[in-house]
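Heads up, the next two complexes both have chain A, just with different partners, chain B and then chain C.
On to the complex of A and B.
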């Protein structure tokens, strides 16, 4: 192997690094490392001037590797890949070394320790870079069409957004009607518009756009092809079952949620007069005046919060469903409006009427709703009373832990959202699912609607419990994400994927079932020999298959065994 | 064959134990970044290698690090937040067990390998884990090499 020509740039970050790390000493320590052609410091490596300096060095010194030691790779990896690419250096022969967030800032109390650590980190970066092979991203042409799965408030809004950006849209809805769950909602906060009215507006807008095609009573049953040009099979169930095939560039999943269904006996569920929140809301929406149930007036109502949510070790749902506190408080305001004399008791663990919903909570207290806080380990008990009414017993933490018995006509179990059963769709799209059963984004804050499946975005309550406005916000984020890719007409796939060394592969088959994205399959070689092959367009680059290969034939590009070992050795070596 | 595991009392004036952390690009590395951004201190003898996913860590790398001079290896795993693999936690547990078995074969105490889920805002837990691990490694003392 010919000697490498690596350029190393250590950043002062205007003092953010150099106040705590002796950057000159770092340069002195690494400039003699094997393969290093040039090593310099810079006040700001990300500045135009230093980018130009790096560019010039790459060209004039013929650099074939680049190491930038500055901030976290989350910030400027694309910046320096860009510099490399512009200067004619393969962008994947560059390593970003984090000497700010993970060095100078974490060790502001220890200049010597921070400097030694920076030397080790930069050495490791050099050692990795020396072994980096040039990689080329797979460029795919993208079809300017998006498939939206689910025509609830999120899916409909996404379809309109995509169409207005100039993309074709296909909406697939499992039910016969458009509008999902919001369609059935009564007056909604904050302007008391009925759900059906909101949905009606969206459906009308969808209808007016010729670039949106809608299929109801239809399901996605298969996805083939790869990012940019997915070929999906859609099966319709209307009058006769038929399957059609469509090419789409991207997919937005907006399949919504299911209601938590309490078990028989859970907080008295099953006793006459114990209802879930959706059942209660339907009663309220239908009532013209005070609530009447089976001919008897409903004057006293108890709400039990957190049913099916925040179950801790007791149940599968450990998350907070977010919307239910506000939804229950909103329902209690609705009841007050229909029957100002109704007495309402809210038995809660914590009230989470965040943001503007806090105003509703305040209003409900002002109207006379009573709030009693029960301890986590001691939930309220609901029993049939002697008089045919219901008796709710609760320990109130706000009044000296007193046990309080409340006789009521109706108990509302404030139930949360659970993931919808979508086994077929999950299988078809290879959607990643979190432990809570909802679909998983790449990062909840930084990449909140993208999934690891390129070109497949998620939005609305299929991702996590959300209010309708939060669902629409995420739908619009998914629109932007999808359109940003498709409008370019082409997309690049990260080439840092797993690869198989055909010489080492023994076709043992161990890896064929370990990839949930079906990226690994046997391939015939010459002389009837078979080896595992990895499809770079479907591999997500997690590397999960690599340690499972008994022959050590699988490596993840950018993180190969040799590269990681070189980094470990570089980090371990004593600083003299 | 009975495996003799090394154990030594902490020595005065010794350098702090060296810890290699394996983090993940999307989840735990941002958490470790956040510790630095908040200027939360931990020992500079802690260094991190970021990978896409915990399930991609080879047990060989862990043993290698311990043989090359690290006193402990900490896997800052995705836990249940992994965006790639729904069974990431199980896969990581297997890697952890395999690595510990190999460590024992090399007479390295299994306590020198630790794993905990670190989320993208887990700055405080990360520094706490580093403090606790440091204490454990100080009690174990340096790895004796044959």
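On to the complex of A and C.
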């Protein structure tokens, strides 16, 4: 091994670390490690002052490796890579050692043990750093075109946004008509604009933009290539089935939701006069005046909230569908307008007409709608009543949970949203699915529309239950993400990916199947020999392939076999 | 189980003088009542609002025990005219029970 010049910095983190780890002893124990040029402690390593100190050390001592033992790598890896880069040291020659979350905080009852563990962890970090080679980000050129899947309110709005930023757009819609679910709605909350009118406006805007191409009755069946330059297969099945291939830089998924479908007998579903919210909405939208059903006037309506949402141990859906309280209250306002004499009973667990929609709730109560809160464990029961009416029984919290019966003509089950079945698309795009069945973002707050598949964003109700305005907001967020990547024309990717030693590879094919990102494929070498080739733009550096390779030909940059062995040696050596 | 009588609120006169819609069930009225009337007024008003006629009729004594002192009235944070509502209820009893 050539002599390395490594700087090691152990952080007090105020006292978060040094209260339980003797940081000075850690420095004493590691300053003699091979390759260590300088070892210091710092009160707060991430402070500007200490960053400057590290910067100065790198420059004046000519450091070629950096180890900071502080908090979780999730917090400050990028901070110290930045310090290294600014000081002229390759940022991938930096190792962050976690001696807070995984050491001091975990062993507050054992100072001696925590200190020994910290010494081992830092030694491992030094051992890895000694073997780190400089890496450069993979640069890919991007295609200035985005594929939008789904032409509902979110997909259409996204397409317009992308076109206006100067990107080409391809919209793929499975149905024959554009507009998705919103297209079919009459007046929608909060401003009573008709769904068909909103969609009409969007479709008109889409038509006016030459850079948007729309394919209806079409589906995405395959995705190949890599981030910034995906090749997708689109199958159309209008008159005759045909498949075409397109190059796109990014993909926005806006495939929407499905309605929760109550089971037979769930809250009386199946009994004549028990309908779901979408069924009720269609009745309301079609009615010119008071509601009439099978020739009988509808004078009393009961709404049962949270059907298919917040199911607890009664079903798989643990989430709140969020739009339905407001949608049901809006529907009750709509009924009141058509028939002021109609009596309306809202049986709820919690009313969640959040934000401005609270005003609709207020208005509905002022109009005489009665709201009865029922206990979570005892939901209302719906049964056939006298004279062809329905009898709803419910416990009212405000009367000390007295059981009351309400005779009504119509029961509306306020059903929520469920994830839509999209097996083929999920397979083609390798979309991440959350525990709730909706597509998953990387971070709910900070990266709310990006997925773990680079360049593939999600928006609208395919991600989680959303109102149409929230769907449009997320669509525009997805536009920003796509444009941010594609407008630059190039993107830098993490170089800590797997690589193949072509001399060792035997083209056995084991790694092709195990790669979850389809990043490995055989490539023809000279003399007809084939070896595995890893696309650095598609590889996520998960390392799944490396231990599988029988020839030991695959190494993960930044975590090579040799580096990991050196780390284990560092961890295992006696502390003395 | 009480089956709701949707017309009760109108019979008692909810639309005109009887209004307990703003009640948020805080309980100040019950706490402050010099007669220590347990059921007045929140539960009783809720019975009227929902149309639980039997429950209302079962509380004749409570309705007539009220002093109409208006302590609850002036202390109600939601501005419900509690004493007026009790008057409406007495009026309802007079009409429908005592036929006077």
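Basically, the second predicted complex is superposed on the first by the 382 of 576 C-alpha atoms of A that agree within 3 Å, B and C clash if a C-alpha of one lies under 4 Å from a C-alpha of the other, contacts with A are read in each partner's own complex, and residues count from 1 in each chain.
Keep this in mind: a residue touches a chain if its C-beta (ideal position, glycine included) is under 8 Å from a C-beta of that chain, and two chains touch if they have at least 3 such contacts.
The structure presented is a predicted model; accordingly, all values stated were derived computationally and were not measured.
Engineer: Just checking: does A:399 make contact with chain B only, chain C only, both, or neither of them? Give me first, second, both or neither.
Structural biologist: After superposing on A, A:399 lies in contact with chain C but is clear of chain B.
Engineer: Looking at chain A, does chain B or chain C touch a larger number of its residues?
Structural biologist: Answer, by number of touched residues of chain A: B.
Engineer: What is the contact status of A:543 with respect to chain B (first) and chain C (second): first, second, both, or neither?
Structural biologist: First partner only, chain B.
Engineer: Is A:343 in contact with chain B, with chain C, with both, or with neither (first, second, both, neither)?
Structural biologist: Once the two structures are laid over each other on A, A:343 reaches chain C alone.
Engineer: In the superposed arrangement, does A:209 touch chain B (first), chain C (second), both or neither?
Structural biologist: It touches nothing on chain B or chain C.
Engineer: Mind working out whether A:564 is in touch with chain B, chain C, both or neither, as first, second, both or neither?
Structural biologist: So A:564 only meets chain B here.
Engineer: Figure out whether A:389 sits in contact with chain B (first) or chain C (second), or with both, or with neither.
Structural biologist: Touch partners of A:389: none, neither chain B nor chain C.
Engineer: Do chain B and chain C touch any of the same residues on chain A, and if so, which?
Structural biologist: None.
Engineer: Enumerate the contact residues on chain A facing chain C in the complex.
Structural biologist: That would be residues 300, 343, 345, 365-366, 370, 372, 391, 393, 396, 398-400, 402-407 of chain A.
Engineer: Which of the residues in chain A end up touching chain B in this complex?
Structural biologist: For this pair, the touching residues of chain A are 72-74, 98, 100-110, 113-114, 116-117, 120-121, 124, 432-435, 440-447, 451-452, 496, 516, 540-544, 546-547, 556, 559, 561, 564-565, 567-569, 571-574.
Engineer: Using the touch rule from the top, collect the residues of chain C that touch chain A in their complex.
Structural biologist: 1-4, 6, 21, 25, 42-43, 46-47, 49-50, 52, 55
Engineer: Quick one: in the complex, what on chain B touches chain A?
Structural biologist: 18, 20, 25-27, 29-30, 32-37, 39-45, 47-53, 55-61, 64-65, 68-70, 80-86, 88, 91, 95, 120
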